[in-house]
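Chain nomenclature is as follows: A, B, C, D and E, assigned in order of appearance, with residue numbering initiated at 1 for each chain independently.
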Amino acid sequence: MSTDSMYRLLVTIAVILGSIIYGFFINSLARRITARVQNRMGPPLKQPFIDVIKLYSKRTFVTHGIMQTLGPILMLTGIISTLILIPYGKGYLTLYSSNGDLITILYIMTFGQLAMALAVGQAGNPYGTIGVARGLTRMFGYELPLILALISLIALNHSADVNVIIANQHGGIANWNAFRHPFVGITALLAMLGMMSYQPFDNASAPAEVASGPITEFGGKFMAIMMTTNAMFVVAKLALLVDLFFGGASNIFILALKIFLLYLYPLFVGLVFPRFAMEDTFLFFWKWPTLIGFIGLAIAIF
Amino acid sequence: MIDIKGILGPLSALKFLGKAPHTIDYPKETKKTADRYRGIHYNDVEACIGCGSCGTICENDAIDMVNVGFDPNKADTGFRPVVDYGRCCWCALCVDVCPSGSLSLTKDYVYVDDDPKKFLYVPGLQELGKVNIDSTDDLKELAKIEKENRPKLKEGERSWYQKDRTEGLLEFNRVPMKELPGSTRIKSFAEVVLGYTEEEAFMESIRCLGCGLCISACPDRMHIPDYIQAITERDYNSSANIIYENNPLPEMCGKVCTRQCETACVYHNRGDAVAIRWLKRFTTEQFDDFRTIINAEVKPLNGKKVGIIGAGPAGLTVGYYLRLRGYDVTIYEALSKAGGMTMAGIPKYRFPLDSLDKQISYMEEMGVRIHYNTRVGKDIMFDEIMDTYDAVFIGIGFHDPYDLGLKGEKEAKSGVISAVELLRRVNFGEKVDVGKKVAVIGGGNVAIDGARVSKRLGNVDVTILYRRRVQDMPADWEEIEGAEDEGVHIVPQAIPEEIMLDKNGKVTGIKYVMAEMVDDGKGGRPRPKKIEGSEKILPIDTLVGAIGQQADYSFLPDEYLFKTQDDEKSGSKKGIDTFWGRILVHGYNETTMKKVFSGGDMVNRTADAISAIADGLNAVKGIDLFLQGGKETKVNHSVTESDLDKNKLLDKHYKMKHENGKLVSVKLDLSGNIVTESVKIAKDPDELKKDVEKKEVNKSTDKANSKDKTMSYPTKNTNGETKKEEKKSKSKKKSKKKKKKK
Amino acid sequence: MGFSKLTETKVLLKQYFKDIISIEEGGEQRLIIDLQSKDITSMINHLKDFMDFKHLSMISCVDWPEENKFEIVYILTSYSKNIVLMLKTKIDRKNPKLQSIMSLWPQAVTYEIELNEMFGVFFEGNDRMGEEFILEDWDDIPPMRRDFDSLEYANKNFKFRDERKDKKIIREFISEHYDEWRKK
Amino acid sequence: MKTTKLYLGPQHPGITGNMMIELDVEGNKILKSKTHVGYLHRGFEKLMERRTYIQSFPIVCRICVPEPDVNENNYARAVEKLSGLEVPERAKWIRTMVLEMARLQSYLLWMGGQSGSMGLYTMPQWTIGDRDYLLDRFEELTGGRVYHLYVWPGGVRKDLPIGFKTRMLDLMDYLESRMKDYTKLMFENAIFKKRAIGTGVIPKDKALEWGVVGPVLRGTGIKHDVRIDEPYEIYDKLEFEVPTYEGGDIYSRALVRKFEFMQSISIIRQIMDKIPEGPIYNRIPNPFKWKIPKGYTYVKLESSRGEFGYFMASDGSEKLRRVNVRGPAYVHGISLLEKILPGSRLGDVSTILNSLGVCPPEMER
Amino acid sequence: MDDLKRPTLDSDFTCDMAFNKITKWAQKNSLWLLAYGTGCGAIELSPTMTSRYDWSRLGIRGSATPRQADLLLITGYLSTKTLKRVIRSYEQMQDPKYVIGFGSCTINGGMYYDSYNTIKQLDLYIPVDVYINGCMPRPEAVLSGLAYLKDKIGDKKADGWIKYKQNFEWYRENQKKILKSFNGDNMPDKYNW
């Protein structure tokens, strides 16, 4: 293994661990912010770490079959593969993003969710199946505007490579994609709400309706893996969106700051809005965001 | 189409980001609990009287009454509540129903534990959770903890308690009894107390909590809560039947009883007790004839005959119950009306003439023969009675007044009369001329009655001379109040010296000297000491002496009467032993003479009607046992040392002690050391041993239905006053109430 | 002037139903009617359709073991006349049977199921009789009947803490121990 | 589509309290629903037949947990009607105030539940947090936070504490200002409206026949309120309006409750101004053996969820012969649900339950 | 599914020694509570979890399913019908799990001691770690109860779940005594994972 690929491997591992820790850190900040809005004190900052350690220290290991055990692990692999494909800055931080472009990232991102669907199918909990069905319908909902936004972006930059897109955005804020092509930016932001599974669209794991949805059957260690993958997933998506629409980041700290600021947006929307009914999520995404998406595409093509 | 207001409006909720949250960071800062928060119990174990009302009202059966080691007395059962926090719902009904107001809830509520055994808790004696109680039985040593290390109530901690008598579920004020106003009372002998209407009786009887403490105070053990409950249900028949179970003269007790039960009532220490006497009276007023009401089954005559001397309360009770048990009873009464001391000694405004007629006619109709105006010893000889009857009961009471022992008493021809004599004459309708000014010497009920009666014989100026202070007077405070209302002057601390006579022996005045109270140093009653040179003379027309009575034993032939205190032969089986004028009786009121039983004022010291009835009831059991199989052994007729002690015959100036097998009575002076070696009662040691075994035998039979004959004064009531101080505080309370009324 | 609505309904009902056992006014807006059990349904039908008693508040049952009777009580409210009417009828306690009024009000089914489970009253025409409504696999007699003692059932089936098993009823204890206390 | 049977069991975060709804679901649409109750059954009516009148006073307020005062008041008035015990005037005013305070705290609890079931988790934190200030006033007045044990036959247990009036009026102003925030966040929330309008519709013509009462009935446009139809305590001396909204869906019911929340605040202000002086308690004859002559009575009042009635029969002994509690949830939770749920979406089950104000302990007592 | 090896009891402690301090600290500070208000005490849970008392600052959070919960609150009385569901949920919870008994109904029957449908002592049927006194315990009392449980977990005394496994037959026999149709409702006899 050449020293170059060795260095790259070490940096990847560092980034993965960094994303876990940073994911939990964002999660705890989010909990504090929701607490403050809800006029209460909220948990201590290190609470997510305590939760994960406690879940790992659970004694029992209940599983209904091999698929249920594999589900979270497959999800972990899915998320790690998306992580390494996203560039986080210059040099080694671009990890392996050179050999995969936007479409591969999109494909691999959905891989974790499908694995989850199979695992829940094995678990046999009715709420799980309903939760997964809702998750998939929601994915259909937000995939359309997302793809429209990404296609128009590719059309504008004439290449699907993320690094190229970042390169095109260098210079001041003015020429960040979100501002240069407002329609594309808006559709992406609206689609992002669906991806984040926060309030307006958290029908998949709505406690009141389907008792925490797909992860109803997963306790103890599985739940721990779920939480870590969730944290990494948040970081991955935000990093991707920052790269595509907000000009990437030269060094890691600016990227972290941008991720946090972008994270605030779905958080605040989630805090003040109840959740849509199942059909409405569908209709919501396929009405305004899609329309704006088509306009953006039209501008991009002609 | 897009609802802008609906989208942007909620975002205003984000303004809370800047504000500080209103969360209470519990372990560090806590919210002040309200003053009334119902938290953990606290019980002031000194004020608590263990009546069990809290345990009875608790709907979750969370409170048990447990023997924690306090020694019970008449006004306190010695039990304390233990609260089971595995049942309690903190509704504070127990606090609202606590008559003594000792139970309360505190503001402290946090208690967490992992051992369910620690949720049992005696409030006021234990810290919650410190003690692991395995069974409520082993809490007896709790009372031994001194006051200091019992859990104390922190200042201001009591959250839910009865601030005053108006809070809570109990009605502390008695339904007021209608009385004739003072001015009209004097004009006639009409009855002063007018009695309850049906509605008033219902309101008064429903106050009773039914806890039963009054039963323990009544010498005759009447079933008080049961008949009060019958009055509440307006079922007067069964109420009368319950009374008749152990009291054949309800009207007498309803009007003139000394009400020991009301002093023991739970309401007594914080308010007015339930008017038990007036309720009993109310039941009797409902019927004009007991024959149809009382359905006691009368056994057919079994051939045995019992003679009764004296138709006082004791005699009548024995007559009634023996007749029920099938004995042929005849009563010899010296006076013209039955009722004994109550009929002769008590003036008509308190005890009207006809009040016993109903009971007497019921008894006579049942077959009890009463020979009036036949004095034993004059119209019929005692020996004749002893032969004709299988058993004899002596119940002649104390009719013979003490003489005053003043200078000039013997020489006085007219103008000096004893209160008993005066009352008997007035009661039986004689016209007695007492002149314009009357002085009464003495402080008991009889003195007061004498004064009020003489007040009614025309407008007479009456003064009472009493050696000690007003509050030391043994009379009922109601009586003293009544006398003062009617204008009787009371001169306390006046010791009479000499009766001034004119030449033909008529009383003209009384010389008395003032006294000041001197504490006798041993906590006993302070003694009056003359103040030299403070003589005063009170011009009077008649002098009434009321310093106590004694029995008149003239009917007994001498060979039967033994005064144990001063001659040797007493203790033999032939005669009746008496001790300083009182007949010595054994467990079933049997005297030392075979076939002879006795009871009433001649035996017990409490000298009131209910104790006489109690003696009668006890004697009935004795006679029944005695005549059943004819075996004398069941009733052994010999008096042992413990009987004397039990009979409380001995004043604290005398003490019985064993001296080489002989019972010796020793006279003590005030400070308790022996003054004169008094008479030895002849009793050889082996006979004493036999007595003791016999006592064991009898004890077993006694246990079933024995009743303690003599009634000791209730030493201390709950707030630590002796009878006298209690009277004083009561009179103060009454006067306070009167002031309020004006 | 005119009668108050109350007396008006009273008079109307009297004419309509000859054999009413008793009808009286309990309070200013209350009517209490006693009926034989056979014409309960016709009375209720009449009340609902013609007398505008639209709202069925409750069906309840009172157990009179001494008269060996169950007393079924229907409480109807008429919003327009503002009257609450209490319709009472007595049925035999051994095999309590009554006609169901399921067809008039949907919620009557729930009341009837509960009465069936709690008292054992059988409503003909109600197909969901015997259905388990509140109690799960109950083996004893219907619990709300007066001859079922719940404390005895609790003692039989459940176990209480035994620290308090030797507790004494204070009032009986007082009466047993009079003599000891009198001495002191 | 294959129909699956779904048990929204007793342990389900969406179901308010302990009951189980058995649904036949086809995809997201409900075909048939059946309610199973009995998880909170303690046999109140049996227990109250074993307790004397004053002893069943503490157990009565445990029947319906979100609203104990309604039971206390009903029980007290029923016993007073049976026994003929009068209540002093001031006690009546205090009782009305306690009832209105209970309505306020129950509506705050409802707002939390309704928005929580829809996912708006900020609202429950606010409303139940503010409800706690009201519980402080209850604790100060009655000595208990939730179970107040304050209204008993004959009047109320203790008088108003010193300075209670000022603290109460401050609280009313605070709640009124908070209502503006709630309206912005919930009542005028776009997504709340989208979800609430048109779901769980009760047809107006069938409402009365299905036994619908209280705010749910007023939500369908029919104006009935026990406080006007049959004024109890001192409601005839107070001025307040009773709102009705057309539509019969969750949103109209929400508006009815919002309007009544404001009315309750104004009622409490009126009471605080015009409360007369005088005794507060007319003592019952005897706590242990108070016998009440034979009689029947049906007493009802307007709780925050509708007509709450007590049927009581006494037989002359010191214990009740029969008590039957008729809460609004008895009808709303069982027969009404079986009528409304079929046809609505699976996601809306807990929203509809909350809007009907279903409180399971009342159903099986 | 049972052939998968279950951690036997004795192994619970040995392999746990290695990083025991950290797990105890984590288990102490993060208690996930099963959202199941079994009795009338649940009304006092809502103020405790919302803004006025907010137990999330002590690391306590509700969880919708027994799988993720490790704390079960029995808030007051328990009717027999609910007891069956409580047993099922309790056994489905992951070890280590704790139970808190609220109020007087769990200790000796409370107000409903003479009711035919409620259980009188909770620790006959499921092991109870902490009892909180009160009817119903205030939010402050609930928080102090939870603090007490945290200390107990901290020094490894909260072993209710081990006690349940060790004398499982005793518990199961008690449960069967009052739950008549045990197998009728396909309640497994063995430990129902």
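We adopt the following convention: contacts are C-beta pairs under 8 Å (C-beta built on N, C-alpha and C of every residue); 3 or more make two chains touch, one makes a residue touch a chain.
These figures come from a predicted structure and were not determined experimentally.
Enquirer: What are the mutual neighbours of chain A and chain D in this structure?
Expert: B, E
Enquirer: Chains shared as neighbours by chain A and chain E?
Expert: Touches both chain A and chain E: B, D.
Enquirer: With contacts defined as at the top, give the pair, C-D or B-C, that has more of them.
Expert: C-D
Enquirer: How many angstrom lie between the centres of chain B and chain E, each centre taken as the mean Cα position?
Expert: Spacing between the chain centres: roughly 60 Å.
Enquirer: Let me have the rounded angstrom distance from the C-alpha centre of chain D over to the C-alpha centre of chain E, please.
Expert: It comes to 31 Å between the two C-alpha centres.
Enquirer: Between chain B and chain D, what is the gap in Å from one C-alpha centre to the other?
Expert: Measuring from centre to centre gives 56 Å for this pair.
Enquirer: Counting only residues that touch at least two other chains, what does the list for chain D look like?
Expert: As it turns out, chain D has residues touching two or more other chains at 12-13, 38, 41, 43, 46-47, 50, 58-59, 62, 122, 125-126, 129, 147, 185, 189-192.
Enquirer: Which chain B residues reach two or more other chains?
Expert: In chain B, residues 10, 13, 21-23, 25, 31, 56, 59, 84, 86, 89-90, 116, 210 touch at least two other chains, as defined above.
Enquirer: At which residue positions does chain A touch at least two other chains?
Expert: In chain A, 35, 37-42, 207, 211, 271-273 touch at least two other chains.
Enquirer: Looking at the whole structure, which two-chain pairs count as touching?
Expert: Applying the touch rule to all chain pairs gives A-B, A-D, A-E, B-C, B-D, B-E, C-D, C-E, D-E.
Enquirer: Touching residues of chain E toward chain C in the complex: what are they?
Expert: Of all residues in chain E, those touching chain C are 80-81, 84, 107-109, 113-117, 119-121, 124, 177-178, 180-181, 184.
Enquirer: Provide the residue numbers of chain E that touch chain B in the complex, in ascending order.
Expert: Spelled out, the residues of chain E in touch with chain B are 51-54, 57, 104, 107-111, 113-114, 121, 123, 128-135, 137-141, 143-145, 147-148, 152.
Enquirer: Name, in rising order, each residue of chain D that touches chain C in their complex.
Expert: Within the complex, chain D touches chain C at residues 37-38, 41, 43, 45-47, 49-50, 81, 208-211, 213, 224, 229-230, 296-298, 300, 307, 309, 311, 313, 315, 321-322, 324, 326, 330-331, 334-336, 338-339, 364.
Enquirer: Mind pulling up the chain E residues that touch chain A in the complex?
Expert: Of all residues in chain E, those touching chain A are 1, 4, 6-7, 12, 16, 22-23, 25-27, 29-30, 32, 35, 50-52, 54, 56-57, 59, 61, 63-68, 70, 92, 94-96, 193.
Enquirer: In the complex of these two chains, what residues of chain C are touching chain D?
Expert: Those residues of chain C that touch chain D are 26-27, 29-30, 32, 54-58, 60-64, 71, 73, 75, 79, 82, 84, 86, 88, 105-107, 109-110, 132-136, 143-144, 146, 148, 150-151.
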